[in-house]
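You will see two complexes here that share chain A, one where it goes with chain B and one where it goes with chain C.
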Partner chain A sequence: MGLVGIATEKILSSFSVFLFLTIILLAVARRISTSVLLFSLQSAIITAEVLATGFQEKLASAYLVGILIFVIKVVAIPRAFFVLTKRLKTVHDVKASTTPSQSVFVVAVMIYLSYAAVHSYGGAVRAPGDSLAAAIALILTGAFLMVSRKKAVMQVLGLLVMENGIFLAALLTTFGMPLVIEIGIFFDILMGLLLMGIFMFRISDTFEHLDVSKLRRLRG
Partner chain B sequence: MLLLLPLMIPVLGAGFILLFRNPRFATRAALLVGALEVLALGAVIWQVHLQGELQEGRYLRADALSAFFLMSIAFVSGIVLIYSSGYLRHTGEGRFSSPRWFYALVFMFLFTMISVCLSANLGLLWIMMEGTTLASALLVGFYNTEGAIEAGWKYLIVCTVGIAFALFGTIVLYLAAVKAGMSPASGLDWISLMNAAPGMALDPHLVKLAFVFVIVGYGTKIGFVPMHSWLPDAHAEAPTPISALLSAVLLNCAMYALMRYDVIVSRTVGPAFSHTLLLIFGVLSMVVAGLLILVQRNLKRLLAYSSIEHMGIIAIGLGLGGPLGLLGALLHTFNHSAAKSLLFFGAGNVRHNMGTLRIDGIQGISRTMPQTSAALVVGGLAIVGLPPFSLFISEFAILSEAFAQAHYLVAALFLIVLSVVFGGFAYHLFRMLCGKPGRRPENARLIPSEYISMGIAALCVLYFGVRIPHFFNVLLHEAMAVLR
Partner chain C sequence: MKIMVDILQLLLLILGAPLVRGIIARFKARLQKRRGASIWRPYVELFKLLRKEDLTPPTSSAVFRLAPVLLFGCTVCVAAFIPVAHVSALLGSRGDFFLLVYLLGLGRFSLSLGALDGGSAFGGMGASREALISSLAEVPFLMGLVALAILSSRADITGMVAWTLHQNIFNISTVHILAFTSLAMVVLAETGRMPVDNPTTHLELTMIHEGMLLEYSGPSLALIEWASAIKLHAMLALLIALFGPWGMAAGGSGWGLATALLLYCAKVTVLMVLLSVIESAAAKLRMYLVPDFLGVASAVSALAVIFTMWVKR
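== the complex of A and B ==
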């Protein structure tokens, strides 16, 4: 086994630790820019896992998917976020409704829950337990970020973290979906982000803020 | 080739319509494209009727169930386009908010919904389902008012998250399929999954887990309680033709997606699991929406809650299964589409003329707007399920199935909610129809686009209540055979 082979094994076995690290840091991050950077880092880790899987399973299409993720999630989306926050002249605070320590506690509970879930379904899949737990923790944390952060930008970021988790789960359990479907899903995400961008501009034009918790005219 | 036609026409048509800056030309172009689209859908439905199944490449397929849903898409999109041609006459020019953008987005929306029904692959189906959210979000926020933007944002976020769960469910099902020895290429193809279903029973947990995620995910789009929070806002704030499309077509398409999974899961782990879940969501949606109908203050929100209630009825029909349950559920999707379009068109006229949709601000319209009031009364009587209208038949079928299977609790709740809804609708309608006319409407007489569209919908609701056309009946039974 060459050097690449060893690196591949290490990536698949131990990179989930870094994923847990990114979600704990996301829980305490107070600035939007920090959160965006953490998302970018998280996507980079997932890119590495995709490439490693591609190498191990000798799947050529995985390299293409890896490149796509790198370009879209590590480079393009974070850049778009920076441009957007600059243009919208929003303040940097994420406006969390929980204190950082509470958030860390919630995320810790979610990591525990994901291990519990993997434990009960673990026999059904041959994926490494830690990585699968990380994928589920990403989904849960993304949902938590969406409900606990009031900024529209952070809601979109939470959605992306969730999507990262789903992608990772798909990769680990099935080595990815067929390529056409994978590309279609990427396209949907891009279009969705574009639309969310349009709506963020409209919200800030009409309401002069980006605080989604103040959007509460429609009730009942 | 035939299956590509109804997909190409709306996409090319959307581009074609964007060429026309003049609203009148844009409207005419839209009507032309719409007519072509309805013809193409008609041809597909007819071919499915003759051949039983159409296949195009690896990713497109139409069987009787798809054809049945295509029929309601063709019907509703046709009358919605006719109605829009008059409705948009007061709309000005704005960024994404001019008539030409309206029609272009409507055709993109139609494209995604038709693709949902024609997908042979559950992954493609998911992509197109997410596409429906994306295509319609700008339409929900079309008026650019505070309410419209809030509703659009909520719609986009809630549905995207919901649909993400459906993706996870799809992945889990794919995993179960691949583990059961299916090739990765066919592991998402619904017909291969249906045929291979008994073989996947090795992993019943995975298949059940998949269905839970899928019912939560697509259930968000269907508007099942408690994932319904986007639905009343989006329906109330969208332009009226879009409310009709959302309620009468989009919810049906999401229901179609759920049906495909239901068939696969039922064949794998037996019908008890998925049908119980459908019954729970159905009864919950029906009861909660039925009670909320009583306290509504806005006409379109009232109609939106009624849509949730009717989706609950359809889910109950599916959950009961059996010949009458399935017949009722499928028939109800079509009947509800026709009646709800009629009601939304009426609500659109009220809004145009009275300038408001608040029920306490609308009084005495039976004197000032007799024709619109007549439409609202016909639609109202139909939607609460009174004979001789078509919804009576489908609701009656579902109810008799519930009694036949001795689901007395479901049957009792069903009857109670129907009577509560009847009371609620009668109360709200009487308040609007009677009383002293507050404000003179601007132009109470219907223009041709309005009476044609509303007339077709009203006739359909009435005619299907008296007898079901032969061709429709054959297609209905073929579609039921798919679900068996």
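== the complex of A and C ==
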């Protein structure tokens, strides 16, 4: 109990720092594969937080959710992304419309905003402020990634990062939603990913590229 | 007693510096499936250069001769600020971190002047590139240190290290991670390592630091090479002292000092392995991407300073 208890506490109190680090690295990542690996790492951190919450609140269902996250978000989705980028034969560049340092400044402002947002009602929730701010920063960064990256693959990834943030916020404020809802959400993600994968193939078939900014002309 | 320990620490930083270089080169060779040269080779090269004749270009002035000496002096002064195994340094509280940063800057400035005075085109090119990189690296370097200074409410390196030593090793704060990220990037840029500058190349288009040394020979070259080795070692020691000082001796017992020294060697080895992995895995950035690299470092360090408002530990 002793050692595991300490580890649990540390995970809940300090792991959000690593989430911030993955956010910043996502802002500078120039390659799709790096971004996917970072997403996988981010999901692994969230898995650890889920397991820690489950241990602390003694929720058996949280372990199941943790295993589901690990299988789906740490292993399956990144693997699917790698297969997808290989099949699409796309260039590795994410085609950012901002330079890396601009992106980092934007992300820094977002992290600051999320801290300011959490700060105002910090006492109302039981969750540690750092982690809640990290959750909000994840949502904002996901949106930013979707807006500023021109590759269609990166827009899917931005959506997934956003979903990570929403999941983390839900976990921190409610200590885990009911299992049925969690499974429903996972099913949603998988379906969404499947649809978007098909959609990306369609884009690359008709336009022979994945650059969203060039989807101006209509083709039959 | 205390001053003896401080002098020994300084000597370790200065005399151990070529060894650090040799070991990194060896690690890199092993990672690239070569056998690699002996780890003592940098010493042999220094001795060889020290015994040779000092040739100067006929157009150069006294600046050319004085630059290596000034650079070496500045670098040794910087090393004298950094605690290694004991929470004190020879110049410990006689100057704050601003002095440390600008002593490094003064060294770079003198070397750039010397390179310009040498009169070759590559010297001027290397000097201008070095000036660009150092002026861009200065902001994240200072801001990262400022964040730590705010946290520990001390301005001297030894005070910051003493403060960090009293913190719980597991309670890493956001500020520390951000400041470490930016300072690690700065160290790569300042010491001219791989993503920014390639320390092994002599190709005209890519070299930065090496371009400034082309006109130097003999003892002057030895001083410059030694100074850059000391700089690398001192920067690694600075990273260790600021972000992982746990295990450092605070008292004066010989036993504590010995374990602290062993721990220091282990930490430096970890950093050297990391450095050689980075150098083997990363490609050198194009010159125009270096400002981006350092811009990221600045953004992260700015974030670290902002975070000191939220995080109070």
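General observations
By definition in this document, the second predicted complex is superposed on the first by the 215 of 220 C-alpha atoms of A that agree within 3 Å, B and C clash if a C-alpha of one lies under 4 Å from a C-alpha of the other, contacts with A are read in each partner's own complex, and residues count from 1 in each chain.
As a working rule, a contact is a pair of C-beta atoms (placed from the backbone, for glycine too) under 8 Å apart; a residue touches a chain by one contact, two chains touch by 3 or more.
Because the structure is predicted, anything quoted here is derived from the model rather than measured.
Superposition of the two complexes onto chain A shows chain B and chain C fitting side by side, with no clash. In the superposed model, the angle subtended at the C-alpha centre of chain A by the C-alpha centres of chain B and chain C comes to 150 degrees, rounded to the nearest 10. Once the two complexes are laid over each other on the shared chain, residue contacts for A:Leu215 go to chain B alone; chain C is not touched.
By the touch criterion defined above, A:Asp130 lies against chain C but remains apart from chain B after alignment on the C-alpha atoms of chain A. When the two structures are aligned on the shared chain, A:Leu59 is found in touch with neither chain B nor chain C. Judged by the touch definition given at the top, the superposed model places A:Ala44 against neither chain B nor chain C. Residue contacts after overlaying the shared chain place A:Thr99 against chain C, while chain B stays out of touching range. In the superposed model, A:Ala152 makes contact with chain B only, not with chain C. In the superposition on chain A, contact of A:Arg202 is made with chain B only, not with chain C. Of the two partners chain B and chain C, more chain A residues are in touch with B. Once chain A of one complex is fitted onto chain A of the other, the partner contacts of A:Ile185 are limited to chain B, with no touch recorded for chain C. Shortest separation of chain B and chain C in the overlay equals 23 Å (C-alpha atoms, whole Å). For the contact definition in use here, the chain B contact set and the chain C contact set of chain A share no residue. Taken together, the chain A residues at the contact with chain B in this complex read 121, 124-125, 139, 143, 146, 152, 155, 159, 162-163, 166, 169-170, 173-174, 177-178, 180-181, 184-185, 187-188, 191-192, 195-196, 198-199, 202-203, 206-207, 212, 215, 217-218, 220. Chain C makes touch with chain A in their complex at residues 170-174, 177-178, 181, 291-293, 295-296, 298-300, 302-303, 306, 310. Residues of chain B touching chain A in their complex: 59, 96, 121, 123-124, 126-127, 130-131, 133-134, 137-138, 141, 144-147, 149-154, 156-157, 160-161, 164, 167-168, 171-172, 174-175, 178-179, 184-185, 188, 203, 205-206, 209, 232-233, 236-237, 292, 295-297, 301.
Every residue of chain A that touches chain C in the complex is listed here, in rising order: 6, 10, 13-14, 16-18, 20-21, 24, 28, 99-101, 104-105, 108, 111-112, 115, 119, 129-130.
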